[in-house]
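Chain IDs A, B, C, D and E follow the sequence of writing; residue 1 opens each chain.
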Amino acid sequence: MAQLVETAKELLKSGKVSYIIGYTAHGDNGTKPFIARTEADAEKLVFNHHCVNNLSVYINKADIPENGNIGIIAKGCDIRTITMLVQENQIKREHIYIIGVNCNGQVKDIGMNWEKENVAQKCALCEVRTPALYDVLVGDLEDFEKPEPTTMQLIQQIEAMTPKERWAYWQEQFDKCIKCYACRQACPLCYCDQCIVDKNEPQWIETSPTSRGNLSWNIIRALHQSGRCVGCGECSRVCPMGIPIGILNVKMNMISMRDFGFKPGMNINESTLVGSYNFTEKENFIR
Amino acid sequence: MKTAYFPGCSMAGTSREFSSSLKEVLALLNIELNEIDDWSCCGASSAHVTSHLLATALPARNLNLASQQGYDEIFAPCAACYSRLLMVSREVNNNKKMAAKVEDVLGEKLLPTPNVVNLLEYFTQIDKEKLAQLKKIDLSGLNVACYYGCLLVRPNGINELDDSEQPASMEALVSITGAKPVDWNFKTECCGAAHSIPHTNIVEILSKKIIDDAVAHKADIIVVGCPMCHSNLDMRQRKIKKDYPDTKETPILYLTELLGLSFGIDYNKLGLNLHYIDPIKLIEKRLEKEAVK
Amino acid sequence: MNEYIITSTNINQLAGELLNEGYNVVAEAEDGTAFIAVAAGSNVILNPFGKPTNLSPKQYIFPKTETLFYYKKSQTDVEIIDPTGLGHKTVIFGTKPCDSAANKILAKVFNWDYKDEFFNKRVENTVVIGLKCGYRDAQCFCTSVGLSPESGEGSDVFLTPLENGDYLAQTITEKGAKFVEEHKKMFDAISADKNKPVPMPEAPAKKFDAAKVKVWLDSNFENEFWDGLGDLCLGCAQCAYVCPTCHCFDIVDENFDYTSGRRVKNWDCCQFTMFTKHASGHNPRSVQSDRFRQRVNHKFKYYPDRFDMILCTGCGRCSRGCGVGMDISEIVQAIDNLK
Amino acid sequence: MKIGVFVCECGENIGRTVDCKKVAEIASHYPGVAYSVDYKYMCSDPGQNLIKKAIEDYKLDAVVVGSCSPHMHEKTFRKVCSSMGINPYLVEIANLREHCSWIHDNIAEATDKAADLIRLLVEKVKYNEPLFPIHVPVTKQALVIGGGISGIQAALDIANAGFKVVMVEKEPSIGGHMSQLSETFPTLDCSQCILTPRMVEVYQHPNIKLLTYSEIENVEGFIGNFKVTIRKKARSIKEDLCNGCGMCIQKCPNKKTAKSDFDEGLTTRTAIYVPFPQAVPNIPVIDRTVCTYYKNGKCKICVKVCGRDAIDFEQEDTILTEEIGAIIVATGYKLYTIDKKPADSPIQGYGEYGYGQYKDVISGLQFERIASASGPTAGEMKRPSDGKEPKKIVFIQCVGSRDESKGFSYCSKICCMYTAKHAMLYKHKVHDGEAYVFYMDIRAGGKNYDEFVRRAIEEDGVNYIRGRVSRIYEENGKYIVKGEDTLAGLPVQIDADMVVLATAMVAQPESPKLAQILSIPYDKYGFLAELHPKLHPIETSTGGIFLAGSANSPKDIPECVAMASAAAAKTLVLFGSDMLEREPIVAKVDESTCIGCLYCKKVCPYNAIEIKEIRNRNGELIKTVAYVNTGLCQGCGTCNATCPSKSVQLLGFRDDQIFAQLCAFADTI
Amino acid sequence: MEENKFEPRIVAFVCNWCTYTGADLAGTSRLKQLPNARLIRVPCTGRIDPIFLIKAFESGADGVLVSGCHPGDCHYNSGNFHARRRWMFFKELLEFVGIDEKRVHFSWVSASEGKKWVDIVDGVIETVRAEGPFNEYEQINKKNMIPIE
């Protein structure tokens, strides 16, 4: 990835950006997020099949002292979140320099080997291997074996269930939840300073990791994501209890696609789904 | 844009001159028409008064053939064919139920329908300069009434080429030849086509009015883009004159024939010899007049 | 300390029997995410060579949520109802040394100035059947915090896998001995000939010298080393909640309706922004790096200071589970390598 | 908290099916309830006194009344309580009548429900906070957009009441369409004669600031406090110097360069011109698109002839801003383009009527000009093509209106009347002429309107034919009008000398743009939308912006004038007090937790959410958050529901208040 | 009500301007209806946060009804449009996690539709009655509420 390193060096040298958020090698065959502040740091930047993290989460979550513009290395899917963040007034487009990368697939989780069965689900139906938005684009596209869209299959299975079965399925899942909020913290679009669950007066969502609190937590999170989530899959990935939370969001995305032909973060000039409306709109469910 | 050619029955029969003149003119533009392989009736004739499904299935078949053969546009010079193809492509795209029925009848999946264009659209697409360069003979002095009939610029709102009541696109093409399009009233009046066979007397009345109005506005000839119009105005004109002697004999030309003329193509090649009302004499006269001037 | 042999069949037998006796029987889940209750008739999973579960068995002595009491208000007074079924008899099978060791460490803090009856009752009624550990990976560092994959520390009964698939069972504590006594028929006596323990891989190399690290921590609360350390930490509680020794909790009241509710004790975590946020809005640990410093210090300085024990068993869960590859052992190692 | 519960029996109305004694008894046990009682008529004086006394005796600080719908007596009970020092927003009304006693028979069930309804509100009221009316200052200057009859009427009413008015008209003169009309129905009095004096009055009124040839650039702020930016287009004339002698116009060399808009294109005008002789102000404008000087830098004849060197070729647009308290939008209408459809417009034209093709097929307004004494023919009936007097004339109604295929489903309302008028005027001028009117229905609702139409038919012998015209074509100097007489069921054909199309009123093409500037809604035709078709026909959804005239929908002159006066009245009500009092049910942002995603801004129907920057002591930007402009907020609470972190709360319906109600529900049996 | 018979508990969130007034009309026209619904009045459907519905279920509701002004009638112009879009997602989300659609109902009821209101309320109550008590939620509530009950 000489090209990447060179670009990064150039940016830092020219002072276009004060630092670049990227990936660096970690462990045997893994990577981890990394901040390059100097040209020397830039040498350490890598991009490969193990860069599954969505770094845009750092844009307004991390406590990185913000001075001047940020550079970020981002895959097509990550850039969709950046687009959302711009549209949601979280960062000004001109303040972030996007080093887009042509993505050739990512592993499910850090440190996994690059094999078909380890390919992340988000890559299965990816449409933005070449990003829709960037300031500079590096890398070339190579073909790779797309994985089975097991997420979709799972969703279809669940849809096929009776309400009672569905309820049982999700109860089993949510009972596992320990409310570590890894899903929330890893999500670039969950950027509230004080999440609704952290608000008492009233305590809409009970903080206890019990079936009550867990259910409402996961429902409300999915709802707040609907029409916004770009399906980067970080929530599912970081969940220590292996709960497939992400599919709730995927399901919501399917709805926004079906009813509005809308995909979040694809076009920075398009108005967001939440906060806009058409006079006539699907309402067959309203009497 | 790969364009298929849908002749339809007329081009092969009653309006051979239309077909030949078209081919001649396009030859000069070195455009070759590729006919849809195994095309069938467009359903214009009696199909749509007997069975809506049949009248839909027939054009649908041709549309599908074109798509299957890798065309994304169909050029149907016959206005009737055009109308049927256009309406059906609209119907199968908007009415899924009907589309399903048609698929059932045809026993094949319907592919995305190709874009349908008529004579005017087809020629309007061609670069005006190109056409102007081909002009050998200036037809100025020849006053032309452009007759669109009921199909060329209809239906309103679907056919976006031109205004359906006050069209002007044919005039634009005609004026390339130097001929003067006259401003007249019955550009889109009915020629009685639908009654052509059963009630010729009605056809006569309607067609006569058209001819008369054209003449009243100093037109020497009437230019058409539709075989039906042509047959009614040309073929029946003798009879009209017999029944209404005051009718002034007026040659009826296809747009392509007029273009051909000014491009210096031989009369017979254009098929001018096949007309009931011989245009040649009149044209010669006019052109000489020009020459003398 | 007595030694017995217990066959894998007997282990399942034992589990079944315990269930009949009304015990909660707990062992690894098949998917390896956590320790879960063993259902009647299903096998006990012992996994000496497998990766430690995502979630430590901590929850069986210090549950993720625990009701302290229920209340019901009337116009004039409040009625308090104690929760029932506290400290149910429990047997945990196959905890690795790094998990077993945790209970003793936690016992310190839960019996420090105030004796936490919830915790103690549970420990009291829990029998820990530990298991020798044959798993090694980059995140393991039990040896660096004074433990070893072979130590029975914290177990009541300690199992060592034998080559023939049986296990060598050593009673470590009184409780363990008593437990074995009660279920004697499941345990066979040692017969010298066939007791070859399965050879274990080498213990993980020491990553750092905890004592040396503490010395540095003692005098370096303020140090540029900490700056930006937490920049990439997302501030979730994964590390703390999966940790066998983290024990912070939060107490909240939950209403069922406008008159009744309960007071609950839930896991909490020092990595949350809200953890130290004052009502005033001021936050003494304002940035993630401060919070991460707290985590390191709490484990390797404050706890040793107060209880002379490191608040870490080196199981490496926090690092394995971290979504952004934060690895505490690497960081402490870095401290060790300073100057 | 000490809450008082007062259960009203409403005579038998509630008492019959709800056991009010029992309800009061149950309520008395709810936590926080200090006093609970039932009474026959709570709203009666003794009832009110009972409440007052209880508040005093039991030191109540919140009240729940179980009675009829809050829409009935909420105000009453709130007044009672506030008279005793309880903030009106600490009073809640449980609807025990419309929502309980009147709709149930079973006493047990109804009583249960009543008790529940009260409990829910007892819980809510615990979380209610005292709210105080919001006061906003009012700038007592009105803006009237549009100088037609509506604008003129509104401006004069307000000005005569002693308040300042700014009138903005985009044309060089005020007067609007009415000034083009010849006579007006149903009285046939001369339009000019009644209008001109009012135009002058506007011009001379000390309280009215008239800005012609000007347009609204931008509008900020809210009711009582608008800040309006106006662009005054360059006339190329120094208004203060020009005395309107008209020399320049006489001498302007390019006479026939432009068609006269005022005469609807029937005549031409010079490059420097006043739209019409009685124009107000009587100051010319230079049409820079046609003026020779602007074309090739020569000529300047006007400069030479102008005695007061008022001509200023270098003049530029000027931008001025005004502080405005209320805005009246009277931008009027435009005529439907009958011409064959423009390529771009979605509207279908009337090619079949040959307008634009045949000189003698004209629009309604063109006929007005021909009929007008000040018109191109000085009021004589002459047809445009050859100036001959038309002996046969055909009027076609509903051209554009009531015609789905042309994209208009609405009735243009005035055409029936003005067509009748046209036919009459024609008959009065051409006694031996024949007039035919093709109509769908005759809609002559209004004072003396139907009589008027009857007169046209019966006295003046206008032939009314019920049916549509399919086609018009020209045949040796005649216009063959082919149509159908649906009463006779026969096709008809009339060879007319002239055809007048009663073209529909359509919205001004710019009105959507203006609506966006004012942030008021408009319908799919571009007409500005009223707040409520019946109860608020003058108001718009934005406080302080009112509608007048046909900018709202097709209207005739009397309606426009009435509506204009109504709008003026609304404005005067607003100006009646120095401070504007508004319901304190508005949204409030918790800036400490707001993250500034501004979805609230996106969903707010009133643009009440603004962006606020929070800076530290050194003035560095910390974050941007949402900020609610209480002047604009109407209290729908959509922002509250949308906010992911619940950082914006709707006072009076805050989350914790509703949460409390739901917790109370949990006890429902 | 006698014990054995199941009486569904319905929470109805209604907007102040259309549905609440429509319900008033039903009252003034003395249109009888089932007593199981408890109305919660909010200014506009736009104010109705999906989280209300969840809390309603937590509070033991067997069914929820949400109702407001017809599209275009909204007292606040567009509140109900945003609400509609919200519900579109929320309804399917609830279904997806296993909350039967028969327990969540949405409707437009204008101030003039007293009769419609009655039909809808009774309709909802009967549908939910047919569904029976919302046991699933009761169970997860019990998990927390033991030993109270």
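Definition applied: a contact is a pair of C-beta atoms (placed from the backbone, for glycine too) under 8 Å apart; a residue touches a chain by one contact, two chains touch by 3 or more.
Since the model is a prediction, treat every value here as computed from it, not as a measurement.
Identification of common neighbours of chain A and chain B yields D.
Under the touch definition stated at the top, chain C and chain E share these contacting partners: A, D.
Contact tally for A-D versus C-D: the pair with more C-beta pairs in contact is A-D. Of all chains, C has its CA centroid at the greatest distance from the CA centroid of chain B. Between chain A and chain E the centroid-to-centroid distance comes to 34 Å (mean Cα coordinates, whole Å).
Averaging C-alpha coordinates per chain places the centre of chain A 31 Å away from that of chain C.
Centre-to-centre separation of chain B and chain E, using mean CA positions: 63 Å. Those residues of chain C in touch with two or more other chains are numbered 254, 256-257. Across the assembly, chain E contributes 50, 55, 58-60, 78, 82, 86, 141, 144 as residues in contact with two or more other chains. Touching two or more other chains at once are residues 592, 603, 642, 655, 659-660, 663, 665-666 of chain D.
If you check each pair of chains against the touch rule, the ones that pass are A-C, A-D, A-E, B-D, C-D, C-E, D-E. Residues 156-157, 163-166, 183, 185-186, 213, 216 of chain B are the ones that touch chain D when the two sit in their complex. Across the interface of their complex, chain E is touched by residues 158-159, 161, 163-171, 196, 204-206, 208, 210-212, 215-216, 218-220, 222-223, 226-227, 248, 251-252, 255-256, 259, 273-275, 277-283, 285-287 of chain A.
Listing the residues of chain C that touch chain E in their complex gives 70, 72, 81, 83-84, 254, 256-257, 260, 262.
Every residue of chain E that touches chain C in the complex is listed here, in rising order: 59-60, 141, 144-148.
Per the touch definition, chain A reaches chain C in the complex via residues 26-28, 30-35, 53, 57-58, 61-64, 110, 176, 178-182, 184-186, 193-194, 198, 200, 203, 206-210, 234, 237-238, 240-242.
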